[in-house]
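Each of the next two complexes has subunit A plus one other chain: subunit B in the first, subunit C in the second.
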Partner chain A sequence: GPGGGAALENANPLIYRRSGERPVTAREEDDELPDSIDDREIFDLIRSINDPEHPLTLEELNVVEQVRVKVNDAESTVAVEFTPTIPHCSMATLIGLSIKVKLIRSLPERFKLDVHITPGTHASEHAVNKQLADKERVAAALENSHLLEVVNQCLSARS
Partner chain B sequence: GAGPEGQCGRGSSQSGRGLVQGRGLPPPPPMAGTILLSPGPGWSCRAVLGEGHQRTVRRVAWSPCGSYLASASFDATTCIWKKQEDGFECVTTLEGHENEVKSVAWAPSGTLLATCSRDKSVWVWEVDEEEEYECVSVLNSHTQDVKHVVWHPNQELLASASYDDTVKLYHEEEDDWVCCATLEGHESTVWSVAFDRSGERLASCSDDKTVRVWRRYKPGNEEGVACSGTDPTWKCVCNLSGYHTRTIYDVAWCHLTGALATACGDDAIRVFEESASSDPRQPTFGLAAHNSPRRAVTLHCSASVLRTSVEAEPSRKKRPRVSFSKHMSLMARAVFPVSFLE
Partner chain C sequence: CLENTDPRTRGRGIQLLSQVLLQCYSLLQEKEVLHLVLFYENRLQDHHLVIPSVLQGLRALSMCEVLSPGLAVSVLKAIFQEVHVQSLLQLDRHTVYSIITNFMGTREEELKGLGADFTFGFIQVMDGEKDPRNLLVAFQIVHDLITKNYALGPFVEELFEVTSCYFPIDFTPPPNDPHGIQREDLILSLRAVLASTPQFAEFLLPLLIEKMDSDLQSAKLDSLQTLTACCAIYGQKELQEFLPSLWSSLRREVFQTASEKVEAECLAALHALSACLSCSVLSSDTEDLLDSFLSSILQDCRHHLCEPDMKLVWPSAKLLQAAAGASLRTYHRVTRSVLPLLLEQYTKHPQSSQRRTILEMLLGFLELQQKWGHVEEDESTLLSLRAPVCSVVFSALTDPSVQLQLVGTRALTVLGSLQGLLSPSDLELVVDHLIRLALHEEDSQSSEAAMEAAGSLAPIYPKVFSGRMVPRLEEELQSEREGESPRDHRSLRQRCLQALAAVSIHTSIVRETVPVLLQHLRKVHKGSESGNTQDMVSVCQSLHRVALQCQRDTESCWYYHQAVVPCLLAMAVQAAMQESTHPLLGKALLKEEVLAAMVPVISAATTHLSPELAAQSVSHVVPLFLEGEVTFLPQNSFPCSFQPFEDGECLEAQRRLVVLLMAFVCSLPRDVVIPQQERLLRELLVLSCSCNCPFTATTAAKCFAGLVNKHPAGQQLDEILQLAVNRMEPGLAEGPRRTQALTLLLWVRPALDGGAGESQGGRPGADSALPAQVTKALVLRYHPLSSRLTDKLLGLLGDAELGPAAADGFSLLMAESPDVLHKGCHADVRIMFRQRFFTDNVPKLVQGFHGAGPDVKANYLKGLSHVLNHLPKPVLVTELPTLLSLLLEALSCSDRVVQLSTLGCLQPLLLEAPQIMSLHVDTLVTKFLSLTSSPAMAVRIAALRCAHALTSLPTTVLLPYKARVIRALAKPLDDKKRLVRKEAVAARGEW
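Right, the complex of A and B next:
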């Protein structure tokens, strides 16, 4: 990962237990009824994203939590707050970008996505949030093949 | 799913002759960086300019005379294309910006061009009768990414909009281009600006979900607004807030009717008109409503431009919808740029 042999910023992160699989309801099994997208579904999409530095998922590091996901299917909006493990985490933009890309690739086009840092948990949260909210900056960044590769590694399923 | 790709930059010809779309689709090649001339109802695609750019084409602009097309790209260059009998030829490539060029604009005189970039700078270029382009100024006034540049309708005055939340104005003073005004007030990135027909007012739109109208006060003005030296002061005289629910990416000011149109990330295009009783020092604008034939003309003008630009976008999944809501805000998919055909 980035940094090569350099020491990790947060060498001993707290690790959180994963929540279990979601039980399938009868309504969900009925193909005639449309499924509306809810907080849990968004959380399921992002919980297994790999942290860029540690061999752990964002859920295991508590960077993402279901309670910090807010979906409004009727208004086609999704808001995700993520909590960097330390206030000066230099990976915050990359993590936010990975969350954003995962949602862009997974959700219908109608959804408007808002990915931002949990207030009060990062020294540069305004600057990071502003970059993540700028769709032109996100698009231009993803045209950088090296950055795209790093993001794709975060999004790949671990064996 | 939805993607940041497929954004559409467009420019309209001053004489209404040609509609151009710059398309930024991601690889696979050879579609990346392609410029298409004018698909749409009653229009036929005349040319595909696929060889000029290696990355997203962000904006295109016709020269005032209509013979040249400038294209600004994320590949950090601006190409100048000249119309030939059988197509377009790239006559020069303007280099110098360090990274993505976001906008390009021709001055009404046709001899000046401006570009702006994520490298925070605005460049002014001069072109002579031999079609030679020369950079005459690099302006480093903004502290962040510059999103858009636009020229005053009848003076050599340039405006720029930036991620640093300001609008800046520039003119030539004793052979040097300088920043002569900074318009502060927006609380987030300013995405675009537009002058009204007279050039005495400017509208700006922002990620803060507002449109602000600014008015120029010259030294010695009767309202007693203070000016520094010989430079006019620009004051914010109207703040349109509460109408837009997401980032406003573009604003256009119709030089025929005085109407303002906005392109918003909430998938709507809105048209605003100045109230009949509006005071120039504190103008009031309201959303255009059903009942006047004047509005119908404005909307028809907007609708034909917008329908063309929306339908011209290559359809990734569904065809974009254009319909009229009861408040006459036109609904279109992820509207990015908007402009009026004159």
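Right, the complex of A and C next:
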């Protein structure tokens, strides 16, 4: 599990490079022109979330990828697929929850969020997706102070 | 009283005596001391209520210089025997430590006569000590026992136990602790004890190994740092038994840790261990353990290097590099095994991202080689692998991945810096690669990296670069390519210019590149292309960079000055004359931006001249401007005369060149005498007040200011300043016709010359440029006139017409101006002048603000904003109480500059002085939130940053606002600008 002395489920996982900071364009600096919310912007919100088990980010573990983020600013929808590192990863729900909380906190209320596991990459894909889609259950989970603390840890900036 | 039967009364008597002794111990005679010592020793057996006062008395006696031999030992023996120290109060225990410390300071030899008994006695004294104040003293005593070679006898382990039981220190000073003992003090003083002797090794190392596995990060760090400290005094003998477990603990931590600090300390410890093993002196029958230690490291880490995608690749590489960096021997041993492996892996892995990782590791090992300077022929693995290493690096340079190219370029720089490694043919290839990347690689990062590499290698191989690179760059610069878009062509030329500047780092190269750059400038000047303004600015930028690089070397500096300054002046003078005879020619060279780009070139070519050479140059340049003396210029046959200070419409272009005079004359070292200085100052003054062109007027004022700044104090200076004031004051004076005069001027001026006016400001603009410049010159030196002129400027803030310009003038007063009046130009700048300006004038600004009418209030806030913007933050924090109310008011000001600067001031204050800011949390929250919907993006961003910084206030203060802020911050999450949304996300997440 996270912290403690228990053995890691996957001690030497494959790692991927972090993409750099999004370069600021001249257009973005122009006061007049609007910038729509795009896939990269959503990806930037979630890529630095910490994995609950490794001192690595979800991006470095390839749990989230920009190609698996779909946003439609006009219709106010966001869909994020995430890929657990191993099919039996016990942290899948927690990771999904962290992504969801980060998006709830960071996006305008108008957005409808859909966070789910990349099809075919986890043994209990269906059950996890169902939990993540269940508004009441997500709300209840966030009332749980212990769970909230773990989620906040995943969302905290790295020291 | 001393014999009273009530111990309390006896105690009071002894207390009185002890207090007296503490005052007068230095006056006592030897006999008196003896008598007192015997008395006090005897009293140690008295009632426990009396003991504290007895100890005070002994402390006084322990400071006596006339203490007879033997008494110190006898006092200590008595204390060890009669007093159970740990049952005393903290203060009394402290007294005992003081007595011991005093004796150790003055009676070292006597105490050593006690042998190990003294050590044992002390162990009993400190055993069980709990108070951090006492521990600091006790640790110091133990440290002295060990380092001053007191006999430890059979008590080494006891001494270790009695100190190591505090390891690792977990002490948090209580809040409002008046003693100021920090955790760090205890950690360091205990570490000094533990790492003071190899005799502790057999007990300490197992303890450190155990604590490295602690759940507490602080315990891990302390253990690692203590281990590193021990390695400085240990040898192989002490480490031998523990090497396997030390290695496995270090490896485990580096492989598993999430903390960069822990990783860094582990690597430092491994480095120290390897270094310790490398330099241990061994007896002839001992086996050298370095090899087997390194073997186990290699065995555990090497295979991870073959998996460049996996998590453990970097931890393994870092461990190997930490060991390899310890000594030349470790370096050879590790690289002999690792370098061939990495080269093989590079070939095996075709993907760019994997190759990049492998090359980065290789680079790490190459950089270690730099530590030992040149490559030694006999042992170096690198030398034997030169060919494959070069081919790997060259292949990275031609890879399509920019990231791989960048690592390749860094590796190339390191290889080149290892003297004697690269062969002449390698070097030619290196230069060819650098030219290709610098000029033709699409990605600008890669091109810049190649130029930087060329810049660092050029001084090592000047012949190769001046012989091979410069001619190629010149050729590219001159080539007129057919079929290429003008844009591509321009960017190629741009890169050539940058590359020429980058390699101009050795005097022999400078002599090649400067003529090429000047030749190109002439060519662009003659050409009639539309975009040649930008081209000229680019050449000037390159020339500027070369000038900066030449400053380090006297010879290059003078060569550069002689080659460049007359050439630029000649081109400018010629262009200005052509403009005088044929107006509307519109020479690019005379445009303000091109002239402004020449200023730093001339300035940088001048600041580092020796006084003799500078005097030689000034004797040409000043007569050129005052008398039109052109003989020293190359190509000096001109159609008419050069008279920049004369009146006349057609001389407008010539007058502008005063900016070049300014660049030169204001950059001279202070002790260089300027010929005809008084006349020059008068001419500048007239020009600054009479010229209609704001550029020229400002320039003249700046040049005047620069010269006044360096002018020696005295009557001459006072006269010229009076002249300046006399010219300035009527121009600024109040009067019924002021506005009309301005209006008339604004209409008549463009009507007269018919074109679109570049001088919309007219006279008042020119005048208000002058006081700001001159005032600045004086503020720096605190001339008596300075406060009068500053007051004048303050007064103008209330002027509806000139107020805004005056407010902006404050930024000029506080900022470091780039071309005159800064230290680089040898200006006389007092340290702390900003603080002084602040304390002198901010009260006046505040007062002015409160007295001002609503239409001009913003001017005062703006002035204040400029002052605050340039003030060091620590000063701000201390001045905060007086200003905070004004800053809060400034938040409601509608001027964006004021809003931005106020937010910029408040943000660090929130972080640094949360207590004071907490008092205003209500206003702050309201204003910040309302500014998050400002129409200006920069203001929204600054307001969100402040809202973010609010979270550093105490939680109890914030809690009532939490819901409101989180709700309000939802709106900027949907801002139309991405940069605003980013700040909103950060701020809201923190709330």
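Brief remarks follow.
We adopt the following convention: the second predicted complex is superposed on the first by the 156 of 159 C-alpha atoms of A that agree within 3 Å, B and C clash if a C-alpha of one lies under 4 Å from a C-alpha of the other, contacts with A are read in each partner's own complex, and residues count from 1 in each chain.
Note that in this section contacts are C-beta pairs under 8 Å (C-beta built on N, C-alpha and C of every residue); 3 or more make two chains touch, one makes a residue touch a chain.
Model, not experiment: these values are computed from the prediction.
In the superposition on chain A, A:70 makes contact with neither subunit B nor subunit C.
Residue contacts after overlaying the shared chain place A:142 against subunit B, while subunit C stays out of touching range. In the superposition on chain A, A:56 makes contact with subunit C only, not with subunit B. Of the two partner chains placed around the shared chain by superposition, subunit C is the only one that A:45 touches, whereas subunit B remains out of contact. Contact with subunit B, but none with subunit C, is seen for A:134 once the two complexes are overlaid on the shared chain. In the superposition on chain A, A:29 contacts subunit C only, with no contact to subunit B. Touched residues of subunit A, counted separately for subunit B and subunit C, are more numerous for C.
When both complexes are overlaid on chain A, the residue A:107 reaches subunit B and subunit C alike. When the two complexes are superposed on chain A, the residues of subunit A that touch both subunit B and subunit C are 105-110.
Interface residues of subunit C facing subunit A in the complex, by the touch rule stated above, are 255-260, 304, 307, 309-312, 353, 935-937, 970, 973-974, 976-979, 981-982, 985, 988-989.
Within the complex formed with subunit C, the residues of subunit A that make contact are 8, 11-17, 24, 28-29, 31, 34-35, 37, 41, 44-45, 54-56, 102, 105-110, 155, 159. On the side of subunit B, the complex with subunit A involves touching residues 1-5, 7, 24, 26, 55-56, 74, 100, 102, 118, 145, 147, 163, 188-189, 207, 246-247, 265-266, 316-318, 333.
Listing the residues of subunit A that touch subunit B in their complex gives 103-113, 130, 133-140, 142-143.
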